[in-house]
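Below you'll find the structures, each written out as structure tokens.
In what follows, chain A forms one complex with chain B and a second complex with chain C.
The block that comes next holds the complex of A and B.
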């Protein structure tokens, strides 16, 4: 394999694939990037066995071929190179000479035969979104996934299609974030798929402002394709809990919360919190939403915003992070908060298919 | 729910009675009843296992205990001796962890998820502790080992006396399902009766209820019952026990209806409560008066005010109003009590927790 490639393009391609490389892998070849030069295209692939990411760049190929090169080393090199072009020349021992301007390196690689082949699977449904739309969906909910929970099915994002509505759900058992959108295109069987959080995050990293992403979902595997990147991932198997049952059927109180105002006051008041046993007490009374923070080690803080609330005074306490998350990840000016009392689940909606359900904190 | 915790509940067996039998060998193997004397109006603090066979149990009136077990050895409590043993066993707990929450002189929770010895097995720790207690104090204890406080506490009762019960996560569901609701933490006689009305007799029955239904029936405690039935108890082991109230009460030698006598007693109680408040450096906003009438019917009357109360001079002025809401004087009373509660926020802050969504 011998080729010349633009340094900037190579750097960008490495940036897309190298993030999943772990520091301690059981298989040495997993620390390497698979380089494949063929027909004017250089293809780069990495895998951690759960997830496989491929991207390609145009290259001036003198001799077609295939090899693997240690990911961390070549990524560091290319990011520090200053000249325009990088030449890669690999011999039969998988030693690759790398030249950029006056800089010369030789990196010792591993045979490409060691690199795991992609897993074959047949998709049972295909969903197409604009990249920017799907990025938005992931941004609105993925923070609600926690890998701490012992329930493995909660370590991913539920993607469900029913009657041409695509629903994405994330929960850590204490709060739940959900988005409903109509996809650009859909074909195949309706039903549920759980995408691991890590795979969803990698997809989010490579999504761009223009273009479309095709989600090909199978039983145990899935593939996400954009014009630049191809991601294969294992899926989380098992049944996602029935999230519909935690969404309260009705509410007795409904308050419109101005997002910017609320977030700034919430961040202000939160300064009085300490790491341990932190909670924000919200108190609704006529025309006002009071925010109060108390902590044993720091002190206390309070402020309020004006809201359209009439009726009896109501106190409700929340984990400050859980409370702030939906406000920090919305484009809307206002979020509607729907409640019944101080201890039952509360819903928040931003009117664009986004729904958040959160369990208030409680006093013993 | 980040990782599975390892909680041990240690409970001394018939503690007061066992200390007496240890110190006075002639009482061993005989029914010992520590508490008020049979001709007094006192109650039983602890009955030895020999006495329990006659149906004697703690909180029973000593007079009734005597009727059930006239050959019983009735002894007044020696709190100094019990306290000393209590300190000894606490020292043993601290060899393993700082996360020790004493519930009383004779029982405590330990969180040994991380322990000084780095021992992976809570069961082995519990056995070591029980062995050391026996070697150093000559007394037996029982242990419950599980992943939360509720299960550990219930478990320590299963193989009592001198036994241990381990409830690992995979057995929790079956264990709770078979548990009579009377054994659930926080379920007293009244709640238990109410639960039976709804056909709830065991943990399995309770688990069938949706959280919103439990809330409708039991108010906000419904959530607690829901979580407990699902094996969820996130209460931490708190090394410093946060008091919620400080109170004193007295069972009178004779039932009285003289309002002056009642007032004298209440003034004394107010002084004692104030002394305790000052000792614990606490101030509360609520004063509660408890009156038990001669027919054992018990009532409480409370008043909450804006200013903090720490002195007897602040309690006494509230008493006439509270007393007027009782029938003390027109009915004979057998017990009087005063409690101060509603301590300031820092205590409450420690007690706020994040419940799960009802999946």
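The block that comes next holds the complex of A and C.
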């Protein structure tokens, strides 16, 4: 394999694939990037056996071929190179000479035969989104996933298609975040798929402002394709809990909350809390939403914002982090909070298909 | 006059009874074993008031004829040994001929028995070892033994009986344990007229495992069937990743007899190898069969211990049996989750607190805090020298705790509160100890002990204002073993008080509706399971337990499941410790902090 490639393009491509390289792996070849030069295109692939990321760049190829090169090394080399072009020349022992301007390196790679081949799978449904839209969806919900829960299905994001509506759900068992959107295109069977959080995060990392992403979902595998990157991932198998069940059917109270105002007051009042196990007490009374924090070791704090609330006074307490999350991840300037009483689930909606359900804390 | 006397027979029997019968459960054990030896296929045990009021064991076994019924209450009368060589070929449970006379010596004892072929049975009444009456009587075939008012004539023993709940737990454990090797025999246990369990006979053990330990447990067990010619190992072992914090659930039977045998425990450990982390134990139920000549059961009157003639042989057989099953079982489902470390997957829900491997020993960059603790005023604080508390093994002035572990003095607490920020963290040693620089030397903090203390005080400060429980949006269903669910039911209010809302759903299932917010735990299931294992081992499930005891267990479980500390967490832990009332010892009384003064270092390096 011998080729010349623009340094900037190579650096960008390496940045896309190298994130999943772990420092300790049982298979040495997993610490390497697979380089494949063919028909004017240089393809770079990495995998951790759960996830496989592929991207390609245009290159001036003198001799086609395939090899693997240690990822961490070539990544730091290329990021420090200053000249415009990088030449890679690999011999049959998988030693690659890397030349950029006056700098010359030889990196010892491993045979490409050792690199795990991609897993074949047949998609049962295909969903297309604008990259920027899908990025937004992941942004709005992925913080609600917890990797600590013993229920493995909760370690991923549920992607469900029903009657041409795409629903993404994330929950840690205490709160739940959900987004409903109409996809650009959809074909195949309706149904549920659970995407591991790590794969969703990798996808989010490579999504850009323009272009579209195609989700090809199979039974156990999935493939996410953008114009620049292909991601293969294993899926989480199992049945996701029936999340519709936890969304209350009706509410007796509804309050519109100004996002920016609320977040700043919430952050202010939280300073009085000693640690993240404490709670924020919200108290709705005529035209006002009071925020109160008390802590044995620090002291206490309170502030309020004006809201449009009439009716009897109502107190409700939340974990401050859980309460703040939907407000921090929204574009909307108002979130509607729907409640029944101080100990039943509370819903928050921002009007763009986003719904958040949270369980209040109980103080006996 | 001679002072040495031969004891009269009734005293001899009481002494013998003391060795065999230490509590109502021992009576149940002896009687159930006799029933099994009698070839019964249905055994019913009914007790009242924890066995102190009455114990009735009914079987449909062979029964006895009238002469035997009279003879069996005589000491060392047994149907099971005829000559002395038989002692080395024991295949039955009882053989010493001690049980029945011993029980009869310390209770109001009734025996009703009838052989299947006889037309009438026999009833024998014995009170405190004295035969009161013996007469033919109509009764069902088999044997029924009624033991009333146990220990009525040995008040000293009676005084040492624990509460009813404890005795009930022991009786339940005894019957469960004895019934495991005999799936074909139907077992029933009733307490005060209430059915505790009823497990009909079946060809395999699995239905009984489900009845006793729940569906989840039964589902996690892999059958074992191994023989090396002489020794046969059968039973069930847990899959990888299914572990407990103690060895209590490693149940071993040798020739049908429940025993504790270090050789077998070693075999299990070797068989699992690195699949089970140190300090955790895979639940197993193993039945070893071997020629009676290879094992000596006549070591202890209660027959709890056995000796093997070649213990290495046994160890090897068990290890091979376990390893073979594990090799053939499905690999842990690594495909399920891409983002968990392998180690965590192998351990299932119970994630250990050991740091991930890539972390270096010293992983803290020096914090940016200015070492302002070097001024004189703080030096005074760390100068407090007090006699070390009892629990502090060091006890000498050199390695004494920074503050007394038992200090309640407001000055000490207030002082740390103010100045804890001045402790500059240098690093973490052995993933366990936070090393910090103080004004007068080095402070070593046991991070787990410290963390336990912080959580413990937070949980117990339930009545304070910053206590709350986080309700679960998706409540968690958990299957428990019988004693565990009994414990949860009996302590429901205490759990609620601490912030655990555990709702019994009938049978052995509970619904976890809320957990204490202060535990800040995401893996609620794992914590509750570890917590119950710990509590069941030490507490009576039938009794309400002190909140402090449950809180202590909860903290330990939560800390165990906690990930390694990051730099920020370590710093925050120090701050949280400062807010504790008794920051210098963990809930068990071990010290959390040790101070090595500069003066001490100087002395050791010969600088002065």
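Here, the second predicted complex is superposed on the first by the 362 of 364 C-alpha atoms of A that agree within 3 Å, B and C clash if a C-alpha of one lies under 4 Å from a C-alpha of the other, contacts with A are read in each partner's own complex, and residues count from 1 in each chain.
FYI, contacts are C-beta pairs under 8 Å (C-beta built on N, C-alpha and C of every residue); 3 or more make two chains touch, one makes a residue touch a chain.
Only a predicted model underlies this, so the values are computations on that prediction, with no experimental measurement involved.
S.K.: Could you classify chain B and chain C on chain A, in the superposed arrangement, as clash or fit?
M.R.: Clash: chain B and chain C overlap once superposed on chain A.
S.K.: Have a look and say if chain B or chain C is in touch with more residues of chain A.
M.R.: Partner touching more chain A residues in the overlay: C.
S.K.: If you stack the two complexes on chain A, which partner ends up touching A:290: first (chain B), second (chain C), both, or neither?
M.R.: Touch partners of A:290: none, neither chain B nor chain C.
S.K.: Between chain B (first) and chain C (second), which does A:362 come into contact with in this model arrangement: first, second, both, or neither?
M.R.: both
S.K.: Which of the two partners, first being chain B and second being chain C, lies in contact with A:343: first, second, both, or neither?
M.R.: both
S.K.: Look at A:48 in the shared chain and tell me whether it touches chain B only, chain C only, both, or neither; answer first, second, both or neither.
M.R.: In the superposition, A:48 touches chain C alone.
S.K.: Return first, second, both or neither, reflecting whether A:4 touches chain B, chain C, both chains, or no partner chain.
M.R.: neither
S.K.: Go through the superposed model and pick first if A:237 touches only chain B, second if only chain C, both, or neither.
M.R.: The answer is second: A:237 touches chain C but not chain B.
S.K.: For chain B, sort through 62-70, 152-160, 188-196 or 314-322 and name the stretch that clashes with chain C after the overlay.
M.R.: That would be 152-160, the only stretch with clashing C-alpha atoms.
S.K.: Identify the residues of chain A that lie in both the chain B contact region and the chain C contact region.
M.R.: 148-150, 171, 173-176, 241, 243, 246, 277, 279, 294-296, 317, 319, 343, 345, 357, 359-364.
S.K.: Provide the residue numbers of chain C that touch chain A in the complex, in ascending order.
M.R.: Going by the criterion above, the answer is residues 335-340, 348-349, 351, 357-358, 417, 458, 461-462, 464-474, 476, 514, 517-526, 572, 576, 578-579.
S.K.: Quick one: which bits of chain A touch chain C in the complex? Just the residue numbers, please.
M.R.: On the chain A side, the touching residues are 23-24, 48, 50-51, 146-152, 154-156, 171-176, 196-199, 220, 233-234, 236-238, 241, 243, 246, 274-279, 294-297, 317, 319, 343, 345, 357-364.
S.K.: Could you please specify the touching residues of chain B with respect to chain A in the complex?
M.R.: Those in contact with chain A are residues 1-4, 212, 215, 220, 223, 235, 345-346, 348-359.
S.K.: Inside the complex, what are the residues of chain A that reach chain B?
M.R.: That would be residues 148-150, 171, 173-176, 241-243, 245-246, 277, 279, 294-296, 317, 319, 322, 343-345, 357, 359-364 of chain A.
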